[in-house]
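The data blocks that follow each hold one structure.
First subunit A sits with subunit B, and in the next complex the same chain sits with subunit C.
Now for the complex of A and B:
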């Protein structure tokens, strides 16, 4: 990113910050009633009327996302597989530090599955295990995953991991096991029951989770006023995870 | 269907043996103690669940993973919650692969010789420690919300996007 570009982005971000002030209270009032994740009756299937998304303001993420990573580890029980070497450990979400070589300006952002509308991991999967749910959540259907790891190669965000060893005492809500690929699933088991993903709950000051298809949702209002950039927007994957302050 | 009748006779044999407790036929009974401590009935009539549990489980898993249906009746987690005690009386953990074969599913599956891979991924016993409270992990330097529901309020959104530089607080 050139210096001028970086400067221009900062300037624009500052501008939109001012613009947000007048709108924000209205945004909030509406969501107090609706909630970011409306509870779906347990026996109803998900629908494509909804598209889940997440907006992360890295300027407000003072720990660079470490608390989000911790919350994810605890929710899904990864990161401590007894036999794996450090570089083999699963990584559903990680923090990435970016430094501008020219200005030395440096910041950290959390990176996980970006929940693309056009996911390359789904395109390459030979069995259909790598899938996008109707509501936009990209996940692995481990029941039919054969562990070929094509999806790991296809993902431009390096979001997927492979389990190399036998595991016991997994988290009941997040089954994971040998020979299959895994990644962030936006905490499907929580979202289906009207709860926020664990990472969003751990960083409420910096993360808005919600329905990008609903123009009145808090996240839609926020991306409308503040914008929200995609990582590798040049790939045109239309990601569900967006960032402020990149 | 020859396979089905084979299974039926197999199960019939198991039942017959169960009926003849004390005759020492060498056929182990499924370990129903943990479930019977909690409920009188299974989620389906006993004869039906005995024969068709795999059908219910297979149907429910696709409904859950693909369609996001989260009913509890045929959920594998619920079978385990009711049918398996997390520990034995001596405090040791109960696992499907234990040589003791007192895990409910193992207590029958080992005998009938049907291998299950489900517990390579699925927890084979109810969770002991409850879900921790994520909020307590936040460091003291992190802005802490008052609401336990973790829903940001109006002032939060005002701050969101106001361009505070991350490095300053890191």
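Now for the complex of A and C:
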């Protein structure tokens, strides 16, 4: 009898722990706050004091991240290249449905460039076009990308796409060009102006964007309290994009 | 060099020579057409896509590049290991190495999304990239081959011949190490990420370079009515067997290791058992046609001194090597990247799916264009300079 009571106590304690956790995440993840992304004055260099990161609570993404994908498409103008076949279309961010083979536990999450601290795409790029900014944003320098696609071979997340055709009417802040590789750049043009990345803005209930290096930032507080898993953490790439609920 | 004096001479002008050159130029034209079409249209006209990002052009290119370093090996055996029998073939071997490398590099460069930015590849270096190292290694290889030829052609610099030969041999080993490491260093891809890719590529280079050399040597001597004896052909025959066996041994070690690692079971099952075309290509193309049949042809006693069986064996080694590279490059990408172990995944970006790839006519044209460039350079080279010995008859060659 006492054993059962002990078990009940443990179970209730665990339940209340889960409730407290989700409550805390609700408090922390509820709204986007001004001050998460201070604007960078145009005449100042990018600082390595900052490490931009993103925490995505997939349990709070009611659509699995579809609205984030749509926002990215609108912001950067990809996804409908007229001549490319479906498998040649660029996809900077996509929703991936995952089902565990044994438990059948299933969830959906958005996957994009994970902005690794040690990015394999940067290691392999022969010209240095694939680069990491001092603030941790990984992107492609379109001026010196020769289109060898070695970064696409190296990326563990399939985050990169190659532009297979001539494009017109690109967005001013997303100079997509034939024969070069492209990927999520954390909306670097917005971040530098103190705005959130388009995907984070589209899912304010589930995404915190901010400076992982600042211990007082909301994202740092959130990952400290709630954790934040990395996809393929076994590769030790120390990703800037973290997930809750994997 | 060889103590017996050897007379080298240019290829004689013949109808056959001009016919070969004409065919090469025509195929080269196809390659050029393909390049301009890709440059104009973009890569959407190819079978390559955002899942299989390297395709048939890369198979052609890497085949030629790997064979290039192997072709130089003939000269190296003469210089570094002082085998006199091989010294007479040193000039032709270095010329073939240059021709193969240029053919392969031409494909690689012309397939780039921005071939017009070649100058950037030459001036912007990320030294952590094995690709950047390869650019330096390829350029250095060309320079060393030219110097090597110079020391063989010009008595005034003959004193440098052994040193340049040794340096070129070391360089070529590092070069193929680098080519294999392009794949070996891909940490995320379970079919590639392995240090054994580097020695595997070196063994492949020995086999492919020699096979190409045997075929070209034989037909060029026939074409030019020069004598080629059994002594040399039998030496090359058994050397080929050793190299083919080395490739098979390293492939065996690679797959056995992968079969022991649970994480790699998926991709191994795909390639070895249920990968459709890739499984077929692996067992029939690579193992049987590229390995077991050539070895049988070489060691069959009844076929000793039979030139045609050696030529057939060499041809099969070339086909097998090409298939092997196709399985490695395309097959390795056809298997999906594993983001979540032990889970089924699906997405609009083909996550979790076996990736499809069918090469387009443009990729074939670019590939054979590179082969034609190699042959054209080789034959024009032999026509204008003295690369070929007048005779390699048994009475002319020394064995040590």
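Criterion: the second predicted complex is superposed on the first by the 212 of 246 C-alpha atoms of A that agree within 3 Å, B and C clash if a C-alpha of one lies under 4 Å from a C-alpha of the other, contacts with A are read in each partner's own complex, and residues count from 1 in each chain.
Quick note on the criterion: a contact is a pair of C-beta atoms (placed from the backbone, for glycine too) under 8 Å apart; a residue touches a chain by one contact, two chains touch by 3 or more.
Quick caveat, the model's predicted, so the values are computed rather than measured.
In the superposed pair of complexes, A:63 makes contact with subunit B only, with no contact to subunit C.
Touch criterion met: A:178 reaches subunit B and subunit C at once.
Ranking subunit B and subunit C by residues of subunit A touched puts B first. With both structures placed on the common chain, the touch criterion links A:201 to subunit B but leaves subunit C unconnected.
Judged by the touch definition given at the top, the superposed model places A:218 against subunit B, while subunit C stays out of reach. Contacts of A:125 after superposition on the shared chain: subunit C is touched, whereas subunit B is not. When the two structures are aligned on the shared chain, A:165 is found in touch with subunit C, with no touch to subunit B. In the superposition on chain A, A:99 contacts subunit C only, with no contact to subunit B.
Residue overlap on subunit A between its contacts with subunit B in one complex and with subunit C in the other: 166, 178-180. Across the complex, subunit B is touched by residues 10, 13-14, 16-17, 20-21, 24-25, 27-29, 31-32, 35-36, 40, 42-46, 57-64, 67, 70-71, 74, 105-108, 131, 133-135, 139, 141-143, 166-173, 175-180, 188-189, 192-193, 196, 198, 200-202, 204-206, 208, 218, 222, 225-226, 244-245 of subunit A.
Within the complex, the subunit C residues that touch subunit A are 41-44, 49-51, 53-54, 112-115, 117-118, 120-121, 124-126, 128-132, 134-135, 182, 185-189, 333, 337, 339-340, 342-351, 355-356. Subunit A contributes residues 81, 83-85, 87-91, 94-102, 111, 120, 122-129, 144-150, 152-158, 160-166, 178-181, 231-232, 235 to its touches with subunit C in the complex.
Within the complex formed with subunit A, the subunit B residues making contact are 61-63, 65-72, 77, 80, 93, 95, 120-127, 132, 134-135, 137-139, 141-143, 145, 150-154, 156-167, 169-170.
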